[in-house]
Structures are given as structure tokens and as C-alpha cells.
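So, here come the structures, one by one.
Shared between the two complexes below is subunit A, which pairs with subunit B and subunit C, respectively.
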Partner chain A sequence: MISLKNKKAAEKIISVYWFVILFIVAAAIVYMTASFYGKPYDARKIEADLLADKVAKCISEAGYLNEEVLEQQFLENFLGNCNINFNVEDAYGWREQEQYYIELNLSDFSSGEKILEIKEGNTKLKSFCNLKGDNLPVCLERSLYVINKDNNQYRADILSIIRKTEKNAQ
Partner chain B sequence: MKKTGKRGNILTENIIFIVLNLAFLTILLLFLFSKTGSVAVLEEKYAKQIALMIDAAEPGMIINFNMKDAIEKAVEEGRNPANIVLINENVVTVKLSEKGSNPESSYSFFNDVQINANLDTTNNKEYFLVINKK
Partner chain C sequence: MRNKPQIKNKRAQVGETVTWIVATVIIIVILAISLFVSSFYTRTSKDLDFSKTTDTLASKSFFSYLLTKDAEGNIVYEQLKNQENLNEFNGNLGKRIFLDFYAKGYGGLWVGIITNKPGYLGEPDSLKNDYFGERPKNIKQIESKTPFMNPGVSEKIKLKENKFIELVLKRSE
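Here is the complex of A and B:
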């Protein structure tokens, strides 16, 4: 009789422990799911990559420099000529503070002499590039090598920055 | 007689134990499905995906993409599936529900092109984007 009673009591304790373990597992799953889906998808790295690609395609074609880039008229409306539009949605006060920045430096490949420098967008964003943290703009640097029709070699350095912090990082 | 009573008791306890376990797991699964397939999550996901697709696109392209889960959700919410992807200037908005407005459902793109977003009426599961020069 004693052993039977003990067995029954032990079974009850096991089932209580079972529910405790089940509750802990469920709480962990709920916490992980809520923290994963509670955060927004961060699309800025891909966006910065695409922006750098867009600038690269604008200044070069099949490895050859687009000679128009060196003309003053082209530079005056660089964004328009490259089909880039920095307008953003009217959320979180983004209309007052630009969310993009691009910088292009074109230099002679052998001498390193600067031929051209273009800066478009929110110049303040550049100061965040050396800082570490989740709620900061995403910076991406790209370099490419181009030649012109006379086989002169150039190096193009592109820096693209995307802010959009409120919708991509929390 | 006593023996039969004990057996009945053990069976009831086991059934209650199994039912409680199943109820617990069901609640957990319901929570997971509600989180992963919620309107807000789908709106944000598709708005960003479409904006990135447009950024990567060139004039002359037609891009087809599957939005089956979002279209099903929009129908559940009583929204016309032909009007869930809206493009205004250079902002994509995905709206799957009539309730309120979620700022995360809109995302801007920098590619200065003209876009037409249409529902593929042949299967009602896909949308296609027609990219043209401005």
C-alpha cells in the first residue's frame, strides 16, 4: 500500500514538472518569436548595394567610362541624369531629413589624382559611418576600375549610405 | 470492483493529461501562426521586397512575383486583391486590410522610373510590375 501511494504521488510530481518544462519551452518560443517578428526586416544593406550599383552603371558601361560624367551639365543634375530620386515617404519626419547619401570620387588610376567628386543627399550621414550600433545608417563602399576610349585608366570610389533607421532597426 | 474503479481513474487522468498537453501546444501553434502571418508583417515584407525589386529593375522589364499569402489574407480581410499594391510617386504601399494605416506598410525606392503594378488575373496569386522610363 505504501509503495503504491508513493508511486501515485511520484507520478503527480512528474506531471507537475512536465507542465513546468512545457511552460518554460513555450515561454522561450513565444519570446523568440516575439523578438524576431517584433523587429522590422532590415533591407538597408541591399538598398545601399543597389544604390552603389545604380551609380556604377550610370558612370560606366561594360567597363568603359561614360564620358558625359565629366561634363559640367551632367554633374549639375547628376541624380536626374542617373535616374535617381531621393524623395521618401512622409513618415517619422523623413521629408525634412534626407535618408540617402552618395559620394563618388573619380581619380586617375596610376597617379591617384582626383578628377571628379560628387556628393548628393544628406551629407550629415557620413559622420555615422565609423560608428558601431544597430540604430545607425548603413554605409557601403565600392570601388571599380574603368577605362575611357583612349585606354586611360580610372578608379571610381562610391560611398552609398541609407538611413531609414525607424523602419529597419529598433 | 475496486480494480475496475482504479483503472477508470487512471484512464481519466491520462486523458486529462493528454488533452491539457494538446491544448497547450495548440495555443502555442496558434500564437506562432498569428505572428508569422499577421497583416502588419506581410505588409512590411512585401512593401520592402517590391521597393528593392524596383531599385534593381531597368526600364523595359516586367517582373512577376508571387503574393499568394498576402492576396489570401487581403481576401479574408474583405479587401479587393487588385488594390493591395499601390505605387504613388516613388513610394510603394501594400495594404491588406481596411483597418487603420500602418507606417511600416510603405517603403520608398530611389530608382526614378515609371511603374505599373497589376494583379495577374489568370491565377489571382501573382502581381506583375511593368517598368518604363519616366
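Here is the complex of A and C:
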């Protein structure tokens, strides 16, 4: 009788122990899954790349510089002429604070003399580019070589910045 | 004689308890390692940095490069078409453009002549040049635009039958 009682008590303790272990393992799996799937994918690098591509397509056509870029009229509506818009969804107060910034510097390829500078979007975002941290805007600097029909060589430096930290970085 | 079996039972109980404690510790350690690894992985690898199959800026620069005229008024495309390999003008110009602009973002960069039959999907025959050296290995002519498995960007333009000028931007490994 005594040994039977002991066995039952030991079995109860072991079953409680197993439940505790089961709970710990389940909690760990839930935590791992939540931490992986709960963190959003950061698509801003791709978005910044696409923005730079869009600017490049606007200034360089079939290998030659789009000469319209040098005209004042074109520059006044640069975004519209390049079919770029900075519209964002109405979330996290994004409409009040612009989420994009583009800077284009066109210079002479040989001398480095600046020919043209275009700045569009939220200029404040540029100050974050040299900082390091998780919840910061993504900055992408890319360069392009282009010539005009008279064989003048140019270097175009494009800086594109995307903020959108609330949806892409946590 | 009566005490002997009791001592044996105690020893057995102690042994069993130690086993459970060790098992618990092992389970906790394995879970802790899993949690650490998963939290480290999620911290570093949620960027959607897709393997690009094209690089718009590099290919636009490549086209402009081929259209650039030398002092005699010959465009680079014609020079490459008529000459065996890169010459001093187009070699140095290529170096100034591509190494300055794109080497930083890629693991390897090459501009040069490849010679092979059209439709060939393997490693092409390439000519070594003084400006970019040898063509990086394991870059096949990318015909199928498949992301994720793509080792780099290859932009090539036909010069004449079985002769192409190619720009290779090899992804960092």
C-alpha cells in the first residue's frame, strides 16, 4: 500500500513537471515566432533604389543626357516632369511630414564643376544620413555617367532618402 | 538487514532526481540558445535586399560609356568592334566610371570582351584585359531573370558575331 501511494505521488510530481516544461517550451516557441514575424520587413532600400532609378531614367535617355533637365522650366516641376510623386498613405501622420527626399547633383565628369543641383522633398531627412541606429531613414547614394550629343561628359550623383520608419523598422 | 533496501531506494531516488535536474537544465539551455539565435537573426536579417537582376544606373552608364567619343571622334562601341580588346582610351575611361561608381556596392566588377556562340548559357570565353583583369568566375550569362539565385548583374552588348562587350557586377559573398 505504501509503495503504491509513493508511486502515485511521484507520478503527480512528474506530470506537473512535464506541464511546466511543456509550458516553457511552448512559450519559447511563441516568443521566437512572434519576434520573427512580428518584426516588419524593411523595404526601404528597394524603395530608395527605385527612386534613384526613376531619377536616372529621367535624366538619361538612350545613353544621352536629357537636355531638358538643364532648362529652368523643367526644374520648376522636376517631380512632375519625371513622373515622381511623394504621396504616402494617411497613417502615422505621414501626410504632415514628408517621407521622401531626392537630391541630384550634375557635375562635369572631368573637372567636377557643379552644373546643376536639385533638391526635392523633406530636406530635414538628410541630417540623419551620417547617423547610426535602427529607427533612422534609409539613405542611398548612387552615381551615373552620362554624355550629351556634343560628347560632353557628366557625372550625376543621386541621393534618395526614405523615412517610413514606423512601418519598416521597429 | 532491514535497513539495506531503504538505503538502496534512497540512492535510486537521488539518482533519478539528478537526472531530472540535468534534463531540465539541458532543456533550458537549448531554449535559451534558440531564443538568442532567433533574436539575433531577426535583428540582422529582415532587410528585403533582393538580389537584383539588373542595375539601371550601371546599365545607363554602360550605354553612355559605349557612346563616348575619343579625340578622333570614334565612339567606344566602334573601337571595341574593330579592335581585339580594350585600348588605353576606353580602358581608362571604363576604369574611371565603373570602379569609381560601382565597385563599392559589389564584390567584383569587370568590363571586357566575351566570345561565345549565341544562346550559350555556361561560363563564357573571355579576354583578359589590362584594366579589369580576368572576368570573375561563376558568373554565367544570365538569361533567366531569377532573383535570389542570381550571383550578379551581367549587361552585355553585341559587337559582332560571337563577340560581345560585357559589364559584370558580381554580388558580394
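The criterion applied here is as follows: the second predicted complex is superposed on the first by the 142 of 170 C-alpha atoms of A that agree within 3 Å, B and C clash if a C-alpha of one lies under 4 Å from a C-alpha of the other, contacts with A are read in each partner's own complex, and residues count from 1 in each chain.
Following the convention adopted for this analysis, contacts are C-beta pairs under 8 Å (C-beta built on N, C-alpha and C of every residue); 3 or more make two chains touch, one makes a residue touch a chain.
Please read all numbers here as calculations on a predicted model, not as lab measurements.
*Asks:* Clash or fit: how do subunit B and subunit C relate after the overlay on subunit A?
*Replies:* fit
*Asks:* Considering only touches as defined above, state whether A:Ile21 meets subunit B (first), subunit C (second), both or neither.
*Replies:* second
*Asks:* Going by the contact rule set out at the top, does A:Glu71 touch subunit B (first), subunit C (second), both, or neither?
*Replies:* neither
*Asks:* Once chain A of both complexes is superposed, is A:Val146 in touch with subunit B (first), subunit C (second), both, or neither?
*Replies:* Second partner only.
*Asks:* In the superposed arrangement, does A:Val88 touch subunit B (first), subunit C (second), both or neither?
*Replies:* first
*Asks:* Is A:Ser60 touching anything from subunit B or subunit C once the two structures are fitted on A? First, second, both or neither.
*Replies:* In the superposition, A:Ser60 touches subunit C alone.
*Asks:* Which partner does A:Ile46 contact after superposing on A: first (subunit B), second (subunit C), both, neither?
*Replies:* Touch status of A:Ile46: both partners.
*Asks:* After superposing the two complexes, find the smallest distance in angstrom between C-alpha atoms of subunit B and C-alpha atoms of subunit C.
*Replies:* It comes out at 11 Å between the closest C-alpha atoms.
*Asks:* Take the contacts of subunit A with subunit B and those with subunit C, and give the residues found in both.
*Replies:* Touching subunit B in the first complex and subunit C in the second, residues 40-41, 43, 46, 53 of subunit A appear in both lists.
*Asks:* Please give the residue numbers of subunit C that touch subunit A in the complex, ascending.
*Replies:* Those residues of subunit C that touch subunit A are 20, 24, 27-28, 31, 34-35, 38-39, 41-42, 46-50, 52, 56-57, 60-61, 63-69, 97, 100-102.
*Asks:* Which bits of subunit A are touching subunit C when the two form their complex?
*Replies:* It is residues 17, 21, 24-25, 28, 31-32, 35-36, 39-43, 45-46, 49, 52-53, 56-57, 60, 62-64, 142-147, 151, 153, 158 of subunit A that touch subunit C.
*Asks:* Within their complex, state which residues of subunit B touch subunit A.
*Replies:* Of all residues in subunit B, those touching subunit A are 17, 20-21, 24, 28, 31-32, 35-36, 38, 41, 44-45, 48, 51-52, 55-56, 89-91, 103-104, 106-108, 110-113, 134.
*Asks:* Inside the complex, what are the residues of subunit A that reach subunit B?
*Replies:* Result: residues 15, 19, 22, 26, 29-30, 33-34, 37, 40-41, 43, 46-47, 50-51, 53-54, 79-80, 83-89, 91-92, 99-100, 167 of subunit A touch subunit B.
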